[in-house]
Amino acid sequence: MTAFTRSGGRAADQLRPVRITRGFTIHAEGSVLIEFGQTRVLCTASVEEKVPPHKKGSGEGWVTAEYGMLPRATHTRSSREAAKGKQTGRTQEIQRLIGRSMRAVFDLAALGERTIHLDCDVLQADGGTRTAAITGAFVAAQDAVDKLIASGALAASPIKGHVAAISVGIVEGTPLLDLEYTEDSACDTDMNVVMTGAGHFVEVQGTAEGVAFTREEMNILLGLAEKGIGELVTLQKQALLES
Amino acid sequence: MTAFTRSGGRAADQLRPVRITRGFTIHAEGSVLIEFGQTRVLCTASVEEKVPPHKKGSGEGWVTAEYGMLPRATHTRSSREAAKGKQTGRTQEIQRLIGRSMRAVFDLAALGERTIHLDCDVLQADGGTRTAAITGAFVAAQDAVDKLIASGALAASPIKGHVAAISVGIVEGTPLLDLEYTEDSACDTDMNVVMTGAGHFVEVQGTAEGVAFTREEMNILLGLAEKGIGELVTLQKQALLES
Amino acid sequence: MTAFTRSGGRAADQLRPVRITRGFTIHAEGSVLIEFGQTRVLCTASVEEKVPPHKKGSGEGWVTAEYGMLPRATHTRSSREAAKGKQTGRTQEIQRLIGRSMRAVFDLAALGERTIHLDCDVLQADGGTRTAAITGAFVAAQDAVDKLIASGALAASPIKGHVAAISVGIVEGTPLLDLEYTEDSACDTDMNVVMTGAGHFVEVQGTAEGVAFTREEMNILLGLAEKGIGELVTLQKQALLES
Amino acid sequence: MTAFTRSGGRAADQLRPVRITRGFTIHAEGSVLIEFGQTRVLCTASVEEKVPPHKKGSGEGWVTAEYGMLPRATHTRSSREAAKGKQTGRTQEIQRLIGRSMRAVFDLAALGERTIHLDCDVLQADGGTRTAAITGAFVAAQDAVDKLIASGALAASPIKGHVAAISVGIVEGTPLLDLEYTEDSACDTDMNVVMTGAGHFVEVQGTAEGVAFTREEMNILLGLAEKGIGELVTLQKQALLES
Amino acid sequence: MTAFTRSGGRAADQLRPVRITRGFTIHAEGSVLIEFGQTRVLCTASVEEKVPPHKKGSGEGWVTAEYGMLPRATHTRSSREAAKGKQTGRTQEIQRLIGRSMRAVFDLAALGERTIHLDCDVLQADGGTRTAAITGAFVAAQDAVDKLIASGALAASPIKGHVAAISVGIVEGTPLLDLEYTEDSACDTDMNVVMTGAGHFVEVQGTAEGVAFTREEMNILLGLAEKGIGELVTLQKQALLES
Amino acid sequence: MTAFTRSGGRAADQLRPVRITRGFTIHAEGSVLIEFGQTRVLCTASVEEKVPPHKKGSGEGWVTAEYGMLPRATHTRSSREAAKGKQTGRTQEIQRLIGRSMRAVFDLAALGERTIHLDCDVLQADGGTRTAAITGAFVAAQDAVDKLIASGALAASPIKGHVAAISVGIVEGTPLLDLEYTEDSACDTDMNVVMTGAGHFVEVQGTAEGVAFTREEMNILLGLAEKGIGELVTLQKQALLES
């Protein structure tokens, strides 16, 4: 079988160019524009000195996420969720995924009774918005935590390690890392993987869009994801070194 | 490490008693009560001779699912979604999963321009409601399709094979098949797996509730799921043989 | 005029077979499946140790009801209220009726500052769902109260007497007790009657669907209802004797 | 037992002063301000030359009603339903009752494929708003029909007879006609009765607010209602004679 | 250019007949029916002895407004906002305008921690409903404040001066005061002006419906508005002198 | 009176640095990032080849706008409208203003039966977001129209001239052009002015936040606005010259 040819001559196991811009907006405690090729997501971290009802009095904090897409982030305009009066099932699914992924690397007791809100808003979409959101939200959260430490509100970091995410999939029989929109639309199997900096899995969400996939295909895809997430964690670290 | 002891002396790789009752209610084209131990889900299949807007004029049909839980299906009463005026993110996530799983084994062109609605309502919950729903909905869909064939509306079945689902997870270090509620609450890793009768994957959704999981743990869990789903498919076949 | 012939040779003043199954589900303080022929309603009673705002600090408790119908409880699938985001006027009317009927036999001061939620969910509909719901909800409420007494939370029962309900109507000139769906659709006058075990009226809701009805017709219908409700109260008592 | 003393020396079987002002506003095809003592309801009838989906192509028309209460129609301000974003169960119950009552005297086939919308808005409330609304809406509907006949849109009236409504109840043991607010709040039994000009029943809705009521009490209340509705029909006729 | 001819021979700078009826309904602390020609708005003022969250503990009160239109206040029936489940953007815009206008003449600290709710409901619309609402709401608010003073709840009035409003516009080149519906529909420029009794501006909202307007046209319109509002303030004072 | 000192030594009649970046995102027919100092708004223009119901068959097109603010565009996080399920009154007011302003310079007949959607999303807020949105949306609309002409869909431009907007206000007695957030919070009078390239008014919305303003003050503010908008139109033209 001939391998699928990617745009720009990208290799099957190659990430798109990733750019992480910290301090993209001025008000938020953490504000990161993350770009996976043409996909651009603004991730802000906001600290609130209170917790939702289910954490009140627990001594623990909370980390939560919301996700949105500007109406014309996509090829054809999609209707504005605020105007329609409800978030789609897809939006809710994604923001729940981001929230769980962030909490996987947070020690909520060490955070204390405060909430970190992560808002991930897609300015431009070209596939992989949820994985870019997770990868960027981590950097925004780190910036917010660093401000809490700098201000003396926290003595030590409640963050236990890095977390990042990537999509993998099989297109025309070829396993690919970091699908862009045209690849995502054509793929048989689509998998979003979230891993820690230590190389362990936080979330694996694989879906057969066309034919069901085999255990062997799954193993190949997980291997691609491990490679890509390792590179993303390195990029997160580089971005966090800049002041 | 000592293995976790399950209620009723169940083995780690053992399903709860599964009962599939066809024709549980009289109006629906397919109506199945499925029980995984104390978990009881009523799955009905309704045939509608029209399709949603995105399929109109395509010559293809549609298969979709909705999921609900009676307010007192759970240990403490949860509020009624109809009264609150919206479905939770969890509900939407589950019903999207059920819909995708069913469509994975349907040839929508062979179905023709009609819709099969699968309604999965949890009468009693004890863990694994979404996997029971998928497993039961397949049987209800099969019954509905058989009626379409019997009536002459369809010449051949648009169903390409079986689909069933099970949860697996790691509790206190022990990998377990088919988690009940107390196990689900205590587990570190929780994975829902949907497979075809041919043993291929349709969906894999793994989540680290506590510590992130390793590639090796994932392999063990997938193995357990393969075993369980194989047994569920056998049970589906037995149930469908009864008249 | 020749009398209307009922399905199964049922007499005009005869109830359908009524079955009351206590303990139908395991989590609720009271859980009753009630069947009036093919109509099947699951009624659960849930005790909550707090009251709604309008009762806070009053020393009194509250009894309230919610009603729902599974989408395919009916001949053709009706849309799911939770998905549409609102309850129909019919649903609200029925759940208000059930709530008022239950409160008619409760001494709210004797209940203390707690709430009993009665959830009545129709699994299968064939006419008379609201009257079955009231009749079954009473048994579920009684079970819940008995648990409160057994646990020492209550010293004496706040329940002052039985309450049950039945529909009556005139079809093709014949007054009938306990209408099933085909009768209900054809009737000129439809009346739902709620009475206490002492034979007094709690609610009378009569509606002329076709021609308006006379005082004499109303008297005949009320007589039928008295007979039917007397029998239902006896069946409630028998069901409550079983352990 | 000493009889209950009514405000203004009103007899137990006496209506409050009733005023029916036609043409209260200028735009509607029928516009009636009806007053039962201090209760004031504006009833407008609007003709629309189309029907709702369930009547499309049937050759029949439709008559429907909506009910609202201005926020400060009551002793203490109630919140505005439009601002809260939903109608209460009480509002829906009342507008369904008004709609059914109007349809009871309409020949929908004779109306042709058009809709009459009856909007009943309470400007001031002092008990009996739903019965005033029904009584006034009939007059507004008659005016709208007369305009359709005058314009040649209809050859003959689709209205088969009068319809009017009144409340009756038992307060401190005394059966009363046409309850005002303070009586309504104090009553044990509250019944709303809708009748045709021919003296037949369209709706009977009796509710025991305190103790359940007997068959005998019900008979007395129905007698009072018959008397009151007879008088209301006379007042409707007088109002319709004025030009 | 020939001047536009107004209905009833009204001069370009002439108000429609204005009627202010205090005590139009009995329950509210202030209740005013205001009529600008055929436009009729019922304005009630309700005093509530608490404040919204953003004022809690501030020692200050709050003044707020809600606006509604009965469905058949207009030439063709508009749908009921309560039934649709949301207020239109126009409604929200108007009620925010009324609220700001009222607060412009209130000393919120002198009001104390209580809220005055102004409900402005349009019974009949013929242009200028928002300006009639502001002009009438002031009178209702004054009546409510007078009651608070009479009861001893307030020692001095928190009202700093009058406020009233009028619309002006340019129709077929002619600047007009107080537009009625047909003029409003035909106008190129439409301006709503809110002023204090001292002749200062509270709100100026000018909109070019057709061609953009010049600075000179704006000056002419503001002059017309000053004249009209001066007359409205005189009418408010006369109305408040009656007991 | 000493004049108010502005941040960065800005003169009272001086705009903040304005930057207009065309082609900010890739999918929309027009995509402009507009910055008024720290205020940053992304304005996209999307062409849809159909019109809303009220324009169907009219031969005319439609131009409409939606407005949103990212949750952390502001100093403290505001809740996400999509999650709350409704747009605030402020949001609706602003998007209606943008829509009217755009339509003021469009010949809808010349546009043909198509819709231009303008989405204005605030990435960062520091006062003046609605005026930046209008000024940027015009440039995005111009780009979209140019694409329609280039593709042959339109023969001539339906745009009749420029439109731009600015805020003006009086802070501590000093009239200021283009208020930033801290000035806006402190101002007594706040006015948003929308003008055409020809120097005529499209919208004037002045509000007295504190004391009412005089005719003279209004004149000074309108003069400031004329100056600022003249400069903005020049900046729009320069931006549109770049390719």
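Chains here go by letter, A, B, C, D, E and F, matching the order in which they are written, and residues are numbered from 1 within each.
Methods note: a contact is a pair of C-beta atoms (placed from the backbone, for glycine too) under 8 Å apart; a residue touches a chain by one contact, two chains touch by 3 or more.
Note that the structure is a prediction, hence the values are computed from the model and not measured.
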item: Co-neighbours of chain F and chain D - touch as defined; value: E
item: Both-way neighbours, i.e. chains that touch chain E and touch chain C; value: D
item: Chain pair equivalent in interface to A-B, over half of contacts matched, among C-D, D-E or B-C; value: C-D
item: Chain A and chain F, separation of their C-alpha mean positions in angstrom; value: 33
item: Centre-to-centre distance between chain C and chain A (centres being mean Cα positions), rounded to whole Å; value: 51
item: Between chain F and chain E, distance of the C-alpha-averaged centres to the nearest whole Å; value: 28
item: Chain A: positions in contact with at least two other chains; value: 85-86
item: Chain ring listed from chain A, with chain B in second place; value: A, B, C, D, E, F
item: Contacting residues of chain F [partner chain E, same complex]; value: 86, 89-90, 92-93, 95-96, 100, 104, 191, 195-196, 198, 200-208, 211-215, 218, 222, 226
item: For the chain D and chain E complex, residues of the former touching the latter; value: 25-28, 31, 38, 40, 42, 44, 46, 48, 66, 68, 70-77, 80-83, 85-87, 91, 117, 119, 121, 123-125
